[in-house]
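Naming follows writing order (A, B, C and D), and every chain is counted from residue 1.
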């Protein structure tokens, strides 16, 4: 079955209030084209989940697109400091940030992807993080060992950006897979964006590199540079200068700075291709050059 | 650290009575060179575990090398029928075969590889298999759902045959990984045989294909055709004619037929290279041709 | 072209139960052949899944695999995955149909592939569950395929390797088996379904040449026989041709491969 | 060559705690730099493991990663693995050392990277645990590295994101934390250990230029000070040179990369 469609149509698979998990990790292979499209479509009150959450936290909070964040860490990276607008939201109402440790967050999705309602772990033991999550202590039925049970998460939608995908949704990535497998298998609906759509035969030629099987996937969208301003392994590095400019806007204007960013890069750009035009071909090619340089090293 | 050694030295890492799990699946990428070496070394009373167990079940039982089999299925394949000598042993003393379902067997090692004493599953529910294993029913601490808890297995030794490995033990396979990851990560000692030993740089060039990290590995042995008479993905097909001859011996001679096979192929062959000589270069090259034909298809 | 053999009737009838777009987890032997046949005929978007880690393989005619773990079972796959993951997709509810064989089956569709006789002192030690127990525990609809003989169709299996309806729907629910549902048993004589209230096997339709009497006679327990019993359409020429081509391959293929590929 | 800066003292002292042949799970920033430095100097067989899935990466001088998930953190790795698997290796007991930073740490080595003030009405909402909680729960020996300031070294953390000795070894045992053991805190002023009986932080050795008084003054709780306090050897020229080369790269590298790579 051919599942190809455009970003706008794919955004129609996400409903207000849904729990939406985004693949990749921080600014590495994030599904930014699709996340931006959800903002453009005016989705509201989502529970936005990523294992480490980058600047999309602020974009979604300011627009009211996310009512809650579920993650283990929020920020762009140490050089950019603690995100100011995120702080404003989370200090006003701490409940908007459901904090897990990185592994326990992942195990929620692993449990969901296994079709199990929970999984045991040694993480969170003795911590205050445990007290503010629905995870709870349990004992091993065989050994009596004290463990933590984390409840499964089967999100409404998973957004994954891959290197290549066939029209049925069989998707392959290069480099680390992060938690993409667990997110995709746990979710009820899966949207795969990819740098390129290829034939099923091209996928079959390296079937041991396929990480998401087509039967999980509901929508396939070809979006070159779909992780921009993040990186995509081997293809383009993250645009740190873009993050610099964003943080400048936020540091000077707070939530207004976020709005200013969104107005320019989402609203006025019109669509994701418009954003790439705004960035400019030479800047994108420079990110590509840097990635090739790293992978060749 | 350079962990290269010969088969005989590697066999010294296995003690009588150990629980030893072999990678691959049935006659696909089995660690036969190493398993034969354990027979040659006269190991006794092992608990031999594989997810699906091929003719090594009979070789180990007849020699007294295995006191018990842990698996989900025993046989070569439908055309060869139920193994006669296996039946004799298991009908005389059913306790020598600890039967699990394929998944519950795997989850024991997955639990062990996660450092957890158990994992939950929906397999075995309501079955008589459950009653004859240490698995037990449990309820999900969140939902109350009735599930089965399988106890972890952390075997003494895992034997894995890989396509390539570097001297530190970073190992890569082509095609399906079967349960190799879980076996290796669960085991206390890991012996990797491989079609070829390559440089760490060669491994790093496709780091996303590495399935076993060096820090798990205790011994690295280069053994071309190390899965013979089984197959190794893309490199050689299983030698079905060899299995035919083995089954003929067993059908006519019972345990004596197994002994006859071992005398010829292990004792008289001297070592694994001797076994390959016995098979002959042209037969091996024919298996290689068939594999290439399949992978090219 | 010769008349259909019993195995061929069974395999072709099994293939017709699979619908386009489904995902089927097929056991080795006849279930695998039926699944591959369905994909080649009426269900091109069927995804076949095999125990060794293959998702979406396309077999080479005349080189059907003997096990579900070998290269022949992996040819043309869109995904090759670890075995635990392959089964966890089932547990997650991703597979529409689980399709297995059986050494012994009882009137509730419980399957035994472990012991004939007393498990503590068995008459025959069978090979074991393999993935069958996992398949029937987790795939949404369960289809069993086996030759129709009294020694296979018994009042009560000696050992429940892979649960059917146990002693009925209530016990099945008590056992926590809510993910899957046994729906059909295909044999060379008939298509059997389950009576919803009791979970007992019921004669739904006859294979060409079979009669109610011949089916009842080949069944070692009291089979439910409704007033109206259907008849399965005989194999179409295209079905037979394609199945034989799958098994035998083209005439140039090495004899050995063909022999093995068509083994029971 | 200029005198060592405080961060450099800390990073170099941290690097010396790592032994050849160990596997170290390093957090972003100074722990990562210390680990890479150790591998380049005295521990060539050290395996560095990073949160994003890298096992055994070799960094490019001047292109140290900002996050542990990006290409710069993956260069030259012998294995790239899924994040859950990467952490499960820790839970399995495969990692000798867990090496993290801290926003706030108390006298039992408990680390807070979640909330300053009351969690229900925080003064500062910090970014959160990331992998720190998992690292301290499962890696065999835990080392924490942080600047030595009274606002960081507090009597009791506002929130235990990543447990140290909790309120002492007995409570840690009750909590089920038997897989790991906090062993050291490295700062720009000192190397601190834990008193075995109480689990309280103890001054073990001074950084060059620091005194017992300056350390006590920079600590917001009563630090245990034994009779004999050691002194850490000053950075060797080779250590300083290599660290600076790692951070700054060779002069031809783009300025932007160097700037980012040397960020705190």
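Here, contacts are C-beta pairs under 8 Å (C-beta built on N, C-alpha and C of every residue); 3 or more make two chains touch, one makes a residue touch a chain.
On a predicted model such as this, the values are computed, not experimentally measured, just so you know.
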item: Which of B-C and A-C has more C-beta pairs touching across its chains; value: B-C
item: Centroid spacing, where centroids are CA-atom means, of chain A and chain C in whole angstrom; value: 41
item: Whole-Å separation of chain centres (CA-atom averages), chain B against chain C; value: 27
item: Approximate Å spacing (C-alpha centroids) for the pair chain C, chain D; value: 57
item: Touching two or more other chains - residue numbers and ranges from chain C; value: 74, 76, 80-81, 88, 91, 138, 179
item: For chain A, residues contacting two or more additional chains; value: 115-116, 121-122, 145, 147, 175-177, 181, 208
item: All chain pairs that touch each other; value: A-B, A-C, A-D, B-C, B-D
item: Residue ranges of chain A touching chain D (in the complex, touch as defined); value: 25-28, 51-52, 71-75, 77-79, 82, 86-87, 90-91, 94, 97, 99-104, 106-107, 110, 121-129, 132, 137, 145-147, 175-182, 231, 233-234, 237-238, 240-241, 291, 294-295, 297
item: In the complex, chain D residues that touch chain B; value: 21, 23, 45, 47, 55-56, 74, 76-81, 85, 88-89, 91-94, 138, 179
item: Residues on chain B engaged by chain D in the complex (per definition of touch); value: 1, 112-116, 166, 168, 170, 181, 185-186, 200, 203-204, 207-208, 210, 213-216
item: Touching residues on chain D, where the partner in the complex is chain A; value: 28-29, 51-54, 60, 63, 66-67, 69-72, 74-76, 80-84, 87-88, 90-91, 114-115, 119-134, 137-138, 159-163, 166, 171-172, 175-177, 179, 256, 260, 263-264
item: Touching residues on chain B, where the partner in the complex is chain A; value: 115-122, 134, 136, 138, 140-143, 145, 147, 149, 151, 174-177, 208-209
